[in-house]
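Chain naming follows the written order as A, B, C and D, and within any one chain the residues start at number 1.
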């Protein structure tokens, strides 16, 4: 049976590129090295919920139609629109997004990607503060302090810790895996270790402990990696941590600002911040200042609550300020596998990473004004194209309502919730399984996505579908001009 | 009705690995639906309300109200904090206000929880039909 | 002269109409005004396709051009952007970026306005009789060029980040303010007569914020400096009630002043032990 | 397609043509002896200046760093936008234009070849995706290799040939064009927040000095027979007193020179020609640098002219960018790349009234005017570090006109003015010399045989400017010079008219040039096995997913190089 190696996993922003797939009769039958979500995707993508024929809504019902007809109808809707939104893009290739931007420019629409409802606020604050960051290997090689704040890699990025942070093996820093095992052993005995290992969705433990014997001796005295988790709940990631700080919901900003004051050796005029005693915070601040290389990863726990974008502003400022004392970097834990790519392509073509409004014939950007949820809440759009995303099940009800009222085109492999609301539904191939392309990892490293099996007959990749719609729109416009 | 216990809480929504796995099985799959129509609660809070594991509760915010299954949180203690995975059920009650930045408030929303043994957890189709004309 | 504008229909699509500006209208006939270009969604239109313009010659022969808009124009963006002279009166709600980069003149709104009103303002006055949205007087994304002058008065409530990056000028809010009023402020004055959400004055370096109502909390990176008997808001406006004075933001080595009314904020009394 | 450009004043320094009135014939994208006069499309260039298309040896136009700069600065471009037209895509401009706009704006000025000088190998695909989306112009990029662990380790062990084989692999794998060194050794040190302070300061953890890296890669460059020299951003860049480091850097490869052939390119030299002990005693070191360069033939350099404007600084020099952040307090991006390099970005406003900034402005012009041989000092702004490339017409005016320089001198900081060497310099460059510093010299330094000249067989990349040297003196009419170079009367790329009267007529792809470095075959296989073995230890991306495949290049233009190893 053919085995395809070095496959990139199209699930989360970690973009693990060491997946091995066994193919039998054009189907994936075995997945090696992947986490639970990776396995579920590669083994389960071709399920009964797959859409296999283009559909069009007639008399309130979705009925099957030809691809040509579906593309023609989609093109008509977009060509007629006065203010269409084109949304999604984080679960497809950069190449598809690129065509999407051209399409948005052609129809004078608003093109937005899913970062608007995940790390959009992070981007807004990066635009105010900047961001000291690096690629993930830099952390693997050098970081002796890892902080996860409002992010739970155990659930959202299962192999992040193993591949890039605490349990990875670097040139100057060794894996903290053994220390973790010892700690667990001391705490709960052998049985729990097995389940802990299982929970981590790692390779076999023996492989881990012997994995990568160091070929060079680090001249730096190894001090051992530390892991700090800061969250409103004691997450599974928190259980692994050397320190856990439980912050009151919506109070992350105060905590971050308190850390900023502490690392400047300033006294706080309060005993507790965000429910945490100041003495405890002083210890954590000490650990931050005295490490050789610290890395702070943050997730939606910070972007979505309380101060929202300003949580990130404070986190970025904290890490920037820490660079006066030591080396420290910060990185958002990007969710969808190519949300970073969607931002990246959008930025190089338009100057802006998301929420780009082409209605005046050139790119304009102002999240809050040109972002999809706001456009929907104000009921401004009069047509919508959704690619590789499911906003109806991700947006607040009020925003989803206007989306469902718009003439709605959906390009997606699955019959997801948004697809069920579609007026035109065009099934697509799975990028990274049935179609090749490029994706950007959360640290902006571009990684190729492979085509490992063929899509079902007649099913095209997003990129190709979008090209055809664009060509059809140009045809319609030419006709209109001639008339 | 007035005596019915009601708990004031902070609602968080977010990702879970079950939802992540369920999503890859397809959004109409049983796995997905079951993974997102639940509410994780602190066991002490459940005791206070008198709700048992896997029984129905009604969660309400200023923006809507939805019935989901209560589930004992493994991440306790987190008194007065409840957690619902991202999905159509959570969307009924999250705060759409973006505060001028494009992002609605998905976490940290004031909410109330009450037992709802007599009310059903709606299936996906029913939920959508109730909310949208299409589907 | 006085120009009356009447919307011809219910406006649903976003409209960009920076041509609605007394400097541009000045000396033009209604037909010329109606020929000015605007964008409705992705289509370029003439102002006359959306509004009917009428000119009423005023009795006093002053050169001031007054534009009066009758009706809900909450979809219309950039009204009065960059204006230097004259007056705009809006009898209804107004859209985003009202008076953006305004340099002089006056805008009055008898209704609510959406976000970015008075953004990057340098001079002139905006008076809003209803509520204002987020980013009142704040700069564009990524910029630190906040208000450099002028005056904004809001009789209702305002959203988040009012007066962010402000350098000079005054913002008076007679209602409540959302989070982060005076964020990264470098100068000028913000007055909030009613309540303030959390994080008021976060990262401020200089300038003054006065809160007469209840403040949700004071940032841990502010220190208490004392209690003052009264605070001057501007020439001729003094609030005579005891105020706590906090200084901050420590995280930016700031010396901004945050005055918070003592009587309305018993939850801050614990700070008194540091005095 | 045949094209005939008639009666222009032609400046083609490679072929010794100095303003002669002549015709240029084009066929199938190349310059030819003659074309069928009746069939050919004719362009009347009488009363105009005809030059080869402009070449830019150093301009940050693509890749992760540039794009982070775009993302960082919506306020930089929201007022400078370009609307979509029937032929062109929309975009935004100012200091870090979007890719389409970058291509159009270069073409509008008559530039047709641009080199992106800093490609982190791990993110090379990104650079190439952006280059492919940069229309009209031809381009290439230099991989950053001065702090690559492989290089440090092999050079430390004295394994020059091993090092050369790996560099060859890397250049081809990243589809790169030249060896780029940025603050050699300093970037590895920056991985732990440190730096190196001289070319003899050892790199922490690696036991090697910048001098050894520079010499080593210079030797590697020769072993591989690469068309360009090593391209060096010196240590201590941006620090007062660093002209000494620049001199030491040039001296350290003096013995490696082959006759008159240059072996090192010192880039954006203005930034490393600072004299003084600190910012208060800061002064120009241009004279010392110029004296050295005038006495040696193994160096080429480019200016790194400063423009008084708001711009976005971005280099791979992480520690330098951090200093710039602490000096300016502006927002700061840092991006270190595992086992390879780093990068930093800080927005920056150069002000006329600032003593330091005005002195920097003066230094670059002093260098260009004091270095006698124009083939050695090329015109750049180190876009966007000294200022955006759209300022080139202003620089040309300053170089051609003493009057233009005086007009600016009047407006700058008085202390900087009184210390500037410019008032003592009378030299005014001719169009012939401008053609050298903006195209012929650039192409020669790059080893681009078909660019930068109008001889038979050259690529038909041509710029025509509306300025009549018979009727006007450029030194007096410098504003007319500026206007002429701002909007080319015609830009011809690959034989096609792409710009007329400063308007872009056509959206077409330019080529991406890269070196296919060919080693002795057995070495290649061994190298691959070795690389595979060590890949996992060094990088977080698999060996199979690392190289840039040719399909990332919209138009791939490989240049075969036969190495001596």
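Everything below uses one rule, namely that contacts are C-beta pairs under 8 Å (C-beta built on N, C-alpha and C of every residue); 3 or more make two chains touch, one makes a residue touch a chain.
Just so it is clear, the structure is predicted and the values come from calculations on it, not from any experiment.
Number of steps on the shortest path from chain B to chain D, with steps defined by chain touch: 2. Counting C-beta pairs in contact, the pair that comes out ahead of the other among A-B and C-D is A-B.
Chain centroids computed from C-alpha atoms place A closest to the centre of all protein C-alpha atoms shown. Separating the CA-averaged centres of chain A and chain B is a span of 23 Å.
Separating the centre of chain C from that of chain D, both taken as means of CA atoms, is a distance of 46 Å.
Averaged C-alpha coordinates give centres for chain A and chain D that are 35 Å from one another.
Chain B and chain C have Cα centroids lying 38 Å from one another. Chain D has residues 72-75, 78, 331 in contact with two or more other chains. In chain B, 99-101 are the positions where the chain touches two or more neighbouring chains simultaneously.
Contacts with at least two other chains are made by residues 115-116, 134-135, 140-142, 179 of chain C. If you check each pair of chains against the touch rule, the ones that pass are A-B, A-C, A-D, B-C, C-D.
Chain contact summary for the complex, chain A toward chain B: residues 11-12, 36-37, 40-41, 44-45, 47-50, 57, 60, 112, 116-117, 120-121, 124, 152, 154-156, 158, 232-236, 246, 249-250, 300-301, 303-306, 308-309, 335, 355, 367-369, 371-374, 377, 390, 392-401, 404-405, 414-417, 420-421.
Contacts from chain A toward chain D in the complex involve residues 5-6, 8, 17-18, 94, 98, 102, 105, 123, 126-138, 140-142, 163-164, 171-172, 212, 215, 218-220, 292-293, 320, 323, 326-327, 329, 343-345, 347-353, 358, 360-365, 438, 440, 444-448. Listed in rising order, the residues of chain A touching chain C in the complex are 81-83, 107-109, 124, 127-128, 253-254, 257-258, 260-261, 264, 266, 268-270, 273, 306-307, 310, 313-314, 317, 321, 358-361, 365-369, 378-380, 382.
Within the complex formed with chain B, the chain C residues making contact are 115-116, 133-135, 159-161, 178-179.
Contacts from chain D toward chain A in the complex involve residues 62, 64, 66-68, 70-75, 77-78, 81-84, 89-92, 96-100, 122-123, 125-126, 129-130, 133, 191-193, 205, 322, 325, 330-339, 342, 345-346, 536-545, 549, 552.
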